[in-house]
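Two complexes follow with subunit A in common, the first pairing it with subunit B and the second with subunit C.
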Partner chain A sequence: MEQPLKETIRQNPKKILGVNPDDAKVALAYLSVSFVSLLIGGILGLLQGLERAGLMQLPSWLNYYQVLTAHGVLLLLVFTATFTIGYQYANLSHSFGGLLAKVRKLAWIGFGLMIIGVVMVATMIILNEASVLYTFYPPLAAHPVFYIGLVFVVLGIWSCCFGVFINYRHWRKNHPGQPTPILAFFAMGVFVLWLFASVGVTIEVLTLIPWSMGIIETTNVMVGRTLFWWFGHTLVNIWYLVATSAWYVIVPKIIGGHHFKEKLIRLVVILLVILNIPGGFHHQIIDPAISIPIKYLHVFMSLAIAVPSLMTAFAMFAVFERTGRKLGGKGLFGWLKKLPWGDVRFLAPMIAMISFIPGGAGGIVNTSNQLNQVIHNTMWVVGHFHVTVGMSVVMTFFGICYWLIPYLAKRVLTPKMSKIGVIQTIIWTIGMTIMAGSMHIAGLFGDPRRTSDTSYGGHEIAASWMSYELIFGIGATFLMIAVIIQVYAVFNMMFFAPKGHTEFPVAEPEEGEEPAPMWTERWGLWIVLLLAVVAMAYVVPIADMIMNAPPGSPPIKTW
Partner chain B sequence: MHRLEEIWMTVSVGILIIFMAIVGYQTFSLGMGPPSHAETIDPQKVEETAPFDDPGVKKIGDNEYEVVMTLQSFAFNPSNIEVPAGAKVTFTMTAMDVTHGFQLPGTNINAMVMPGHIQKISHTFDEPGEYLIICNEYCGVGHQAMSTTITVK
Partner chain C sequence: MKQAIYGLILYIFLILPPVANLLESIMIIHMHMQMPLLVFSGFLMGRYVITRFSSFFEKWNSNGIPGILLFVIIWSYWMVPRAMDEALTLQSVEMFKFISLPFLAGIPLRDSWKKLHAIGKDILFIYFISMLILMAWIYIGADDQICNNYLIVEQKTLGWGSLALAACVLLYLLQLLFTDQSEYQ
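Moving on, here comes the complex of A and B:
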């Protein structure tokens, strides 16, 4: 009995496995919150675009920085985190044939904690008690409830992390000698990274609570900033890992092919987990109090991430070419034509992958010392992350919706909805290209980010930015339309699409590929290496910041 | 397939190493490292601590100036600075409240100025004209108004 079942699992997992209905509810709950956040965050983004362009003036009871704080928190944190959890938990349930009951409970607890946290944070932003932007650099001091809300959000995420670890361990114990299904392996990577990403920022927030209440008088602003970016930068690579799980495992199936060598895929996951956290320093290249040799070391540490990225680029194009040729594509580029461009489940992640090329190149600019000095805190940076997050990551997420949501809701993707998805993808691509493109250019001319009005009394260099700001406004309008379509599509597929069965597209290895090597499952070792890299990167600078610290700063409210 | 993979990775890693070498050469041999001054100061006693007890433009050499500057929501002190063409100017700055940015669009001057830390950055102003100085880090509700100029004659 045992053996044949295992064989079927290996050869054709989707025949017997599937997301169990209780797990589907968890995933759908997270995805609902995610797309409500996208809608609100998108509206706020449009307001920002129009205000900067001078096309609109916010009412006196709503200031630009309140809007910007909410846009950052809702999109950067809430939208991406809830999407990730919904999608990764669905993957886990599908790979393992259902979650353990206690793990499902942890996911619901996490959901509750995150909702409480987000409500606290949002209330403080709306009351104008927390216009500190999503980076909340001290000594800007928000209301204590804002920080307490953040703690709840982190606890919610941790609850989901532990859920994944427990289920992984349980599966490993029951399947000795068998490699974990690849999507579950990705989920481990994502949640391990999340746990270690949030350690630093949690320490920061826990010190800011008593400080903002007046119990502690001062805080170390440099350490706060450094701990924030330990988290902030790692978050970027958490999304990236989530997106690559779809690139490597889902997309090949959608185009009718097989996934790349599993050993390489796993190596990429492991490298992303180990090498990631130190990248945070590239946000502090022009800060005082970090020595030049340390900054140089971090150029290297940031660039190390390019290695797994380039491996991914190679692997993906190899899969596309192989599949395109199998489908009859001829010549040097004929295989490209054979790919299913009209299928939104392919088109959206494909554009996402392509936009990772300019996104990655921009990242190399940002991380190199001298170029950073030209673009730091200019609109270039905003353009950069709207390409990397707004395109590479978010468009992958959008593409996932078109099979995941009907699958979970036991409905189907109608041809009409698929077409709407293609239109949405095109409008989003146009909007982001226009907006992020003009942001990059304006930034090169010095246009600062996070600034409600950049007229500076009509100074001529400021006047030269104005036409680009108008273009941001145009791009933002396209994006708003695309957001509305996407949110409509998500909730339509969740509640109104025709009932039926949808495929959960998981690619399988090529014929005759060796199974994944078991040494890749040594998460204890990967965590030790991760900690060693973090120690290498952070011990010296943080010890220096603490031992040579100036007297601290008291809480200050300047809005 | 395997061979192609090896070539791709070798070329990729090679490019990264070359890139690191260029950044390293610029940083250490050409002295183009980013602003990273290490001195500290009590952020609540800036006005009593030298040199910030007397902010202003100081001549320190032959067409060489030091601008001792404090940044506070939402102003630079001194403001509306004037220097002669060709002057080498070193800005010595600290923040009196929250974190600010110091940027001169059109030049490579861009540095974070934080409470408790003294930041320095230098530039030679060869081209005459009126340069805009802006704060490029969000510092509060009047952040967009935090600007001044430096006029090079």
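Moving on, here comes the complex of A and C:
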């Protein structure tokens, strides 16, 4: 039965009015910055690829480590962070029927702070005062302005975190006994994790500022690295949570199905939030100053993250099969054919999910002590995170663009643009597969990462890496083409596509599914558990590093 | 029922010698991870025990207070440094640990928790907080080695860890106080 118009307006005003234009502006501003960073970061990636391949020599005023630092910072921090905020704020606005005015203001304040911060950071990199790579841990020391810029970026993110919390509390208060819409639940997970992830790096950066200014003479390198990976590792899982929000909730709608049991989805979010942070230690398997039993216990912690990942894989394939069969797919794999492979909104996140299989397998290699000895700091690692971030996460983000941006800009996705998206997806897939594949192999043979010249005077082992490095260059070229297409698509959909109405694809639960249990909304409890897990995991190594500290390190500038 | 089986699996896992040795090799993990996990395994197994022997629990633990007292006594005993030390040196004490924590602390906790009034729960939380702060004070403050089996650095680590946990429990209480619990019904 048709709902009377009045009822629809009251209960679901977005259906008629579309997105609130003020909220759309916030999201579009963040997304614009995001894709400008992708373009610049991509160009820098190509330069690196070509330099490694020996096809090009960077000019004397621009060295490899400057480029590498900028590539890491722009893509790993700026691109992903701004995309996440734009997308999550759009989700929140959609779920709650509009943001509160003060929350929107917080998002704009965050935007301003982040821009100021990024400009400071970028300036220092360009001036060659901060070639410390995106990990910026001591003893490499950048100009103080670089670290101060990072503080601004963090403050901007916090502003966005508090915006989300305020809006959530507001909604919670006005809807007693009602579970929050699932996308808003994801947003809570993302921003809670972000807030606590950034605590570690903030402490680190605040100690590095006086150290780089010469006010304090030395710093504790091990503590710095540990605090960095507290953040660095958690950041990875923030992207992953953002991507899974689309996998669980958006993709099922696009293929015409329902989402999986909401209770399980929420459990995955809660587990990821509580267990995540201590995983940071798997980046320090080779570091001294952490005892073997502690490292061993942390292998458990990081493999614990595999549990929600496997739950996700199971749930997604269950949804695909169910939907494919409903559409008439027969036999063991017939349902696969029924999925809308020609629709970029499905194709891109689907390839992203598939690439999570090799990505996850590689991750298990990295986190295993003995195997880590072989691949540590080789190109394998670079190959690994270009598969996980560059495919699983980034391709999901790309896929989201093809409905989110038209929706926000009140335009439509034309069939032509959808086709361009499919082509983009294919080129990106080919480029990443080639580049990351050869990086994995070169790494197994010992090719080091983060090194501009790996010819080692023509040594035969080094010579054996050459052909793989040439392949990085080929992959990088494909990727650059794909970046250009993607950036074109994004800005075309934002400003030039035909006006019209685009749906925000949110899947519904299956018929007769029970609503999500209210205990999942106990964020206070989840946060306390998160803190307890962090306390237990960090107190041993940090106390040891401080009480048995070696002499600290002065700031070191190797360039 | 499933819960009870998970509890049993967790229990068996925890008492496997290599697992127990690893967890006991680090002081804070011994106290703040192995022991709570043992209690937790008992808590899960309690599902079976309590329904199986419901009349027993009805008779002896009708208002939850005897059970919670037993829990507090067992728990406090294991917070004594000497008890931890002995668990590492004497096989019999180690066995007592594996029996007392799940069966004399975990199960009574489960049976009592839902029977307790709000005030009883608050008292228990305050007991936890004060116990943890007391331990923080002792372990951070002591300049001598308290346990034969653990170094001073581990002792201090345990102290700081206890302080952090006290802060977590306090935070939990505060958020209970300041959020409207009816929202979650």
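Throughout what follows, the second predicted complex is superposed on the first by the 541 of 559 C-alpha atoms of A that agree within 3 Å, B and C clash if a C-alpha of one lies under 4 Å from a C-alpha of the other, contacts with A are read in each partner's own complex, and residues count from 1 in each chain.
Just so it is clear, contacts are C-beta pairs under 8 Å (C-beta built on N, C-alpha and C of every residue); 3 or more make two chains touch, one makes a residue touch a chain.
For clarity, every value in this text was computed on a predicted model and none was experimentally measured.
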**Message:** Both complexes share subunit A, so when I overlay them there, do subunit B and subunit C fit or clash?
**Reply:** fit
**Prompt:** Where does A:I481 make contact in the superposed view: on subunit B (first), on subunit C (second), on both, or on neither?
**Reply:** neither
**Prompt:** After superposition on the shared chain, which partner residues are touched by A:T378: those of subunit B (first), subunit C (second), both, or neither?
**Reply:** first
**Complete:** Note, angle between subunit B and subunit C viewed from the Cα centre of subunit A, nearest 10 degrees, works out at 70
**Request:** For A:P176, select first, second, both or neither according to whether it touches subunit B, subunit C, the two together, or no partner.
**Result:** second
**Partner, of subunit C and subunit B, that touches more residues belonging to subunit A** = B
**Message:** A:V151 in the overlay: touching subunit B, subunit C, both, or neither? Say first, second, both or neither.
**Reply:** neither
**Prompt:** Regarding the shared-chain residue A:G524, is it in contact with subunit B (first), subunit C (second), both, or neither?
**Reply:** second
**Asked** Where does A:N548 make contact in the superposed view: on subunit B (first), on subunit C (second), on both, or on neither?
**Response** both
**Request:** Classify the contacts of A:V540 with the two partner chains as first (subunit B alone), second (subunit C alone), both, or neither.
**Result:** second
**Prompt:** Which partner does A:Y296 reach: the first (subunit B), the second (subunit C), both, or neither?
**Reply:** both
**Message:** With the superposition applied, I'd like the minimum CA-CA separation between subunit B and subunit C in Å.
**Reply:** 9
**Fill in**
Interface residues of subunit A shared by subunit B and subunit C, listed 296, 548
**Request:** Could you pull out which subunit A residues touch subunit B in their complex?
**Result:** 63-65, 68, 131, 133, 137, 139-140, 220-222, 225, 284-292, 295-296, 299-300, 303, 306-307, 310-311, 314, 318, 364, 368-370, 372-374, 376-378, 445-454, 456-457, 459, 461-462, 548-554, 556, 558-559
**Residue ranges of subunit B touching subunit A (in the complex, touch as defined)** = 1, 5, 8-9, 12-13, 16, 19-20, 23-24, 26-28, 32-38, 40-45, 73, 97-99, 101, 103-106, 108, 110-119, 130, 132, 134-144, 147, 149
**Message:** For a test of understanding, state which residues of subunit A touch subunit C in their complex under the given definition.
**Reply:** 172-173, 176-177, 293-294, 296-297, 518-519, 521-522, 524-525, 527-528, 531-532, 535-536, 539-540, 543-544, 547-548
**Request:** Would you tell me which residues of subunit C are touching subunit A in their complex?
**Result:** 22, 25-26, 28-29, 32-33, 153, 156-157, 160-161, 164-165, 167-169, 171-172, 175-176, 179-180, 182-185
